[in-house]
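Look for chain A in each of the two complexes below; its partner is chain B in the first and chain C in the second.
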Partner chain A sequence: MDKIYITAASQASPGDARAAQFGARFGRLDLASQLALMAVESLGIDFDELPRERVGICLASRDGSLAADCEYWRGRGAAGGPSPALFVYTLPSAAIGELAIRHRLTGPSLCLVGPGSVLTEAADWLRRGEVEACLCVECRVITPALGEMIGSPPDAAAFALFLRRGGWRALEENERDMERLCAAFSAHTAAS
Partner chain B sequence: MPESLFQCSVAIAGCGATTAVGRGVDALRSALRANASGLRAAARFDKPAFQSCVVGAAREEESGTDDPAWQLAGFAVREAREQARETLAAIPAERVGFVLSTTKANIEAMERLADHRPCSEAARRHLRGDALAADLAAAHGAGGPVQCVSVACVSGLVAIAQGARLIQRGAADAVMVAGVDHLSAFVMAGFSALKALDPAGCRPFDKERRGLSPGEAGAAVVLARAERVAAPAIAVAGWGSSNDANHMTGPARDGSGLAQAIRGALDSAGVEPGQIDYINAHGTGTPYNDAMEAAALRGVFGKNSPPISGAKGMLGHTLGAAGVVETILCVLAMQERLLPGTARLNETAEDAPAGVMKAPSPCARLDWALKLNSGFGGVNGALILHHG
Partner chain C sequence: MQVIVMDNLLNELKASIIESLRLENITPAQIADDSPLFGGGLGLDSIDALELVVMLEQKYGIVIKDIEEGRPAFKSVRTLADFIQARRSPK
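Our next item is the complex of A and B:
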């Protein structure tokens, strides 16, 4: 089977200093979109070198939009009802829209909800020739308010990988743990 | 992976649906023939907080369930399994996958929890789309790969494409693809805040159109390798998707993103625009969406557009279920050789796509159908069906 390669990997967590570089609108995004943008920015990819309609985005949204849902619905008692600005972030795929707009990526996109990986799907797109490169992002967001509602501890992080036909190292079959791959890439870059 | 798996043909072995026009695919077929609308005023949404109370409800207003997503999806999957029983009987459970398409899963549970109303453990669990998918798969004998797709209003088309991919790459021999979203104050309040609802009810491509009408549905198709489906089968022949990269809630005015998705679908199916016999539009009835869709179709088909219609005047906008239930409408149209009309379209707008059908019309040939959806976040999807 054709080899698919990891070109770059990065991660982001709340309180990241990189937030400052995104401008005023950044503060109005939901936490998952913020983390996804920061993780992808740190990949250091020059998208000008790629045909943007041939770059896909695969998002693994472990917790869907539940954190944004919770925040939006808390505003139901406000005058005028819940915020229209928040409503768009009550979609698990909202971060795809933000990534596409920031990097002007017009290729295909996919969002899978749950703890699974999207690396298999991205590799499939590359093998079929549907894309030349694929941004893979995994978001995990459980805010304290959501955690209280669903009985889970708070958590927030995003992991990003960039897959192409060549790069740092080949993606192994059944390799799905993006957090581990980000850590391995970080160790590799530190060593080199 | 053998190269030939990428080319293996995937066909639809069974369909199931519960919608605003009734329970079962036969209710959908009757509505298709009669160009009927299931949109009605609903007392529970007749409040100042909502811009409109006209919706496509698939349940009694006072059904009282705390888990409507489970109920709607379960009905649809049962019916699709029954239609596909001969195909499924020959496939071991571990080779049957399950793909769920939803945007809000069981959001009813969040409303109940926030208001401190009773909410069962199952209903709370089904707030998570992946848990709803896993429970539906287990209840319906799908022991293969399980996925929950959520790509705004394109979810259903992407889920069908995902199901076909799982079969083509050998991860499953059959896949149940279910789409579900239910009516909720949560979603009604959001669209009301965006001023996206038509107080008179959705009128796709109409001169007086003012917005959408939310709907609810459970819809399901069973996909399988074509050789396992009795002929003449309808195949999932190709798909494409794209992003406008333009705006989070508004479509690109020039339709370039949707046109790109359509071209991708045509390429993957290996067909020319002139071969398409019918287009089922996204047709939300919002001024911008319908105009964008017309621009996209002009870009691909020029002035000679195939007949086009939209289903949201019949069913409402069923969000994560839309792509699945509207694909089922295409299947029925192909089986009946009946070009569907656009329910509730009165006077066609000047900026509507050429070829918009007001009323259903029999046709000699309906071999190739193109299904379109677009959604928040700039996403676009196109799916091509072939009646072999």
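Our next item is the complex of A and C:
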């Protein structure tokens, strides 16, 4: 089977100083979209070198839009109703739209809600020649308010991988753990 | 006295806009009284317009039911302040 390679990997967490580079409208985004944008920015990909209609986006949204849903629900009793800007983010795939807008990517996209991985699907797109490259992003967002509601500790992070037909190292057939792959890439770049 | 009231309202409105639209790294002093709110430097869009309608109801108790009625008010911070003043004044 054709080998698919990891070209770059990165991660982001809340309070990241990199948020400042996104401008005045960054605060409007939900946390999942903010983290996804920061993680992808840190990949350092020059999208001008790629045909943008041939770059896919695969998002694994472990917690879906539950954090935004929860905040929206809590705002239902306020005068004027809940925030219209927040309503936009009560869709689990919202981060894909933000990534596509920022980097002007028009290729295929896929959103998986739950604890699964999108690496297999992304690799299949590449093998079938449907894309030349694929951004893979995994988001985990449990805000304190959501955590209280579902009985889970707060958690927030995003992990991003850029897959192509050449690069740092081949993606193994059974590799699914994006956090571990990001850590391995980080160790590799620190050592080199 | 009327001038002071208006100045206070303009400053309060700018702070409310920044807060409700979650504008980052922008201070009230950076928003000019007469600059266009939409299509200008703040980069506001239709979702922001809806957010401002909600802000007016929450903060000033002003309900805009017809967007056409509110459209002229959203031209600038000053037109918005004038709109609030007019709605507050006894008829």
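Just so we're on the same page, the second predicted complex is superposed on the first by the 192 of 192 C-alpha atoms of A that agree within 3 Å, B and C clash if a C-alpha of one lies under 4 Å from a C-alpha of the other, contacts with A are read in each partner's own complex, and residues count from 1 in each chain.
The rule we apply is simple: contacts are C-beta pairs under 8 Å (C-beta built on N, C-alpha and C of every residue); 3 or more make two chains touch, one makes a residue touch a chain.
Keep in mind the model is a prediction, meaning the values are calculated, not measured.
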item	value
Overlay on chain A: chain C relative to chain B, clash or fit	fit
Touched partner set for A:149, first chain B, second chain C, both or neither	first
First, second, both or neither for A:106, with chain B first and chain C second	first
Chain B versus chain C as contact partner of A:115, first or second or both or neither	first
Contacts of A:74 with chain B and chain C, given as first, second, both or neither	first
Touching partner for A:88 - first (chain B), second (chain C), both, neither	both
Winner by number of chain A residues touched, once chain B and chain C are compared	B
Partner chain(s) touched by A:26 [first = chain B, second = chain C, both, neither]	second
Minimal inter-chain CA distance - chain C and chain B, angstrom	7
Common interface positions of chain A, toward chain B and toward chain C	80-81, 83-84, 88
Residues of chain A that touch chain C when the two form their complex	19-20, 23-28, 78-81, 83-85, 88
Footprint of chain A on chain C - complex, ascending	21-26, 42-43, 47-48, 50-51, 53-58, 61, 63
Contact footprint of chain A on chain B as seen in their complex	1, 6, 49, 103-105, 107, 110-111, 113-114, 124, 127-131, 133, 147-152, 158, 162, 165, 169, 185-186, 189-194, 240-249, 257, 260, 264, 268, 376-379
For the chain A and chain B complex, residues of the former touching the latter	1, 52-53, 57, 61, 63-64, 66, 69-70, 72-74, 76, 80-84, 87-88, 90-94, 96-98, 100-101, 103-116, 121, 124, 127-128, 130, 149-150
